[in-house]
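Mind looking over this structure? Questions follow.
To keep things simple, chains are lettered A, B, C, D, E and F as they appear, and every chain counts its residues starting from 1.
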Amino acid sequence: KEIATYLEAENSKQKVQMSIHQFTNTCFKECIQSTNNTDLSSQEEQCLGNCVNRFLDTNIRIVKGLQSLQ
Amino acid sequence: QISQELAVANATELVNKVTENCFEKCLNSPYTDRNEPCVDQCLIKYMRSWNIVSKAYISRIQQASTSGEI
Amino acid sequence: KEIATYLEAENSKQKVQMSIHQFTNTCFKECIQSTNNTDLSSQEEQCLGNCVNRFLDTNIRIVKGLQSLQ
Amino acid sequence: QISQELAVANATELVNKVTENCFEKCLNSPYTDRNEPCVDQCLIKYMRSWNIVSKAYISRIQQASTSGEI
Amino acid sequence: QISQELAVANATELVNKVTENCFEKCLNSPYTDRNEPCVDQCLIKYMRSWNIVSKAYISRIQQASTSGEI
Amino acid sequence: KEIATYLEAENSKQKVQMSIHQFTNTCFKECIQSTNNTDLSSQEEQCLGNCVNRFLDTNIRIVKGLQSLQ
């Protein structure tokens, strides 16, 4: 029982980690303008945060939309 | 039980693909707007496309199977 | 024996499903012009069907080509 | 032991994604130049982006969890 | 038996990658034409590219192994 | 013990194979200009070799950079 709980917790943590990899990959491509410096501009930073939030909004809307289609 | 697991895998794949495609079609850097009408329309168009693709592929498989190709 | 047959059938069904996901993903990107409406235009519909068929043609041609190279 | 395996999987995913993204941003056909300064800056920007994305995603999860959405 | 399974996995990966790349290079929306000459030439060029890449990668591994880097 | 050695050797061979598939996929897209002939031009050939080497340079630099960040 304890092992099952432990495995499930590890599993969720890993899913979160993999989502962060996926979002960083997508949002870095779209939001980073230049690699001639090491600081994120305020536009880049804002774009990254928005990008994650809009992706999640879209994901939730799609799930709800699919449920309503059934 | 196995076919249930496969159904979950299919639903997950569908949600992921629709989210990716509709995010790409409807949202743009710097991602300030949610653009929900576009997401809703995109979902419906994606499901209709899924049906067309599905029919085209299955009719192709049946054709190959009738002609003894496979 | 019966279980093996069942598993194999489930496995083929699942492969067909996953191919449909892949084709819809590719062909939606290439054929869908607008997400400002929910109806597929006749061009979009035709393009989707052609796209699946041309992808399968290409796949078959590549497999035969690789066999002839051996 | 399991969390160690997951840590390795995470590190591998990170290395792969940074390599792909920074190769794409810093190097161009016909690939005569290494462009190491760009790669170094890109890595730092990628890690900073990873942090922003991570914070945005986790705050979103916590928000949903507090409001009882999940 | 294991090396046979790996050979199948390799052949499948090759067929998938060639199909994707040659579909992308030779066929265009709305996909009315099959363009078989292009697909045939593309396959040969892909296999030649595979050989060049293979040699470059293996010589790099051997170099690193000789110099004690790995 | 012998089985373990055998499995490990098969595993490394398979990783090399899969990297060759990945590099060919990336470098073919970037280096091949035309699919109207079957011969690689000298520019294409050089580009393919450089592409693999620059990808590996980038990968090594990223790994070292991440280690120095820890």
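Note that a residue touches a chain if its C-beta (ideal position, glycine included) is under 8 Å from a C-beta of that chain, and two chains touch if they have at least 3 such contacts.
Owing to the predicted nature of the structure, the values given are computational and were not obtained by experimental measurement.
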Chain pair repeating A-B, as identified from A-D, D-F or B-C when over half of the contact pairs by residue number coincide: D-F
Chain pair showing more contacts of the two, D-F and A-D: A-D
Mean-CA-position distance for chain E and chain D (Å): 27
Centre-to-centre distance between chain F and chain E (centres being mean Cα positions), rounded to whole Å: 11
Centre-to-centre distance between chain E and chain C (centres being mean Cα positions), rounded to whole Å: 21
Residue numbers of chain D (touch at least two other chains): 14, 22, 26
Two or more partner chains touched - positions in chain C: 31, 51, 53
Sequence of touching chains round the ring, chain A onward through chain B: A, B, C, E, F, D
Parts of chain B lying in touch with chain A, wherever the complex brings them together: 11, 14-15, 18-19, 22-23, 26-27, 29-32, 34, 36, 39-40, 43, 47
List of chain B residues in touch with chain C within their complex: 2-3, 6, 9-10, 13-14, 17, 20-22, 24-26, 38, 41-42, 44-46, 48-50, 52-54, 56-58, 60-61
Chain A residues within the chain D interface of the complex: 7, 10, 13-14, 16-21, 23-25, 27-29, 31-32, 35-40, 44-45, 48-49, 51-53, 56
Chain E partner contacts - residues on chain C that touch it in the complex: 30-31, 43, 46-47, 50-51, 53-55, 57-59, 61-63, 65-66, 69
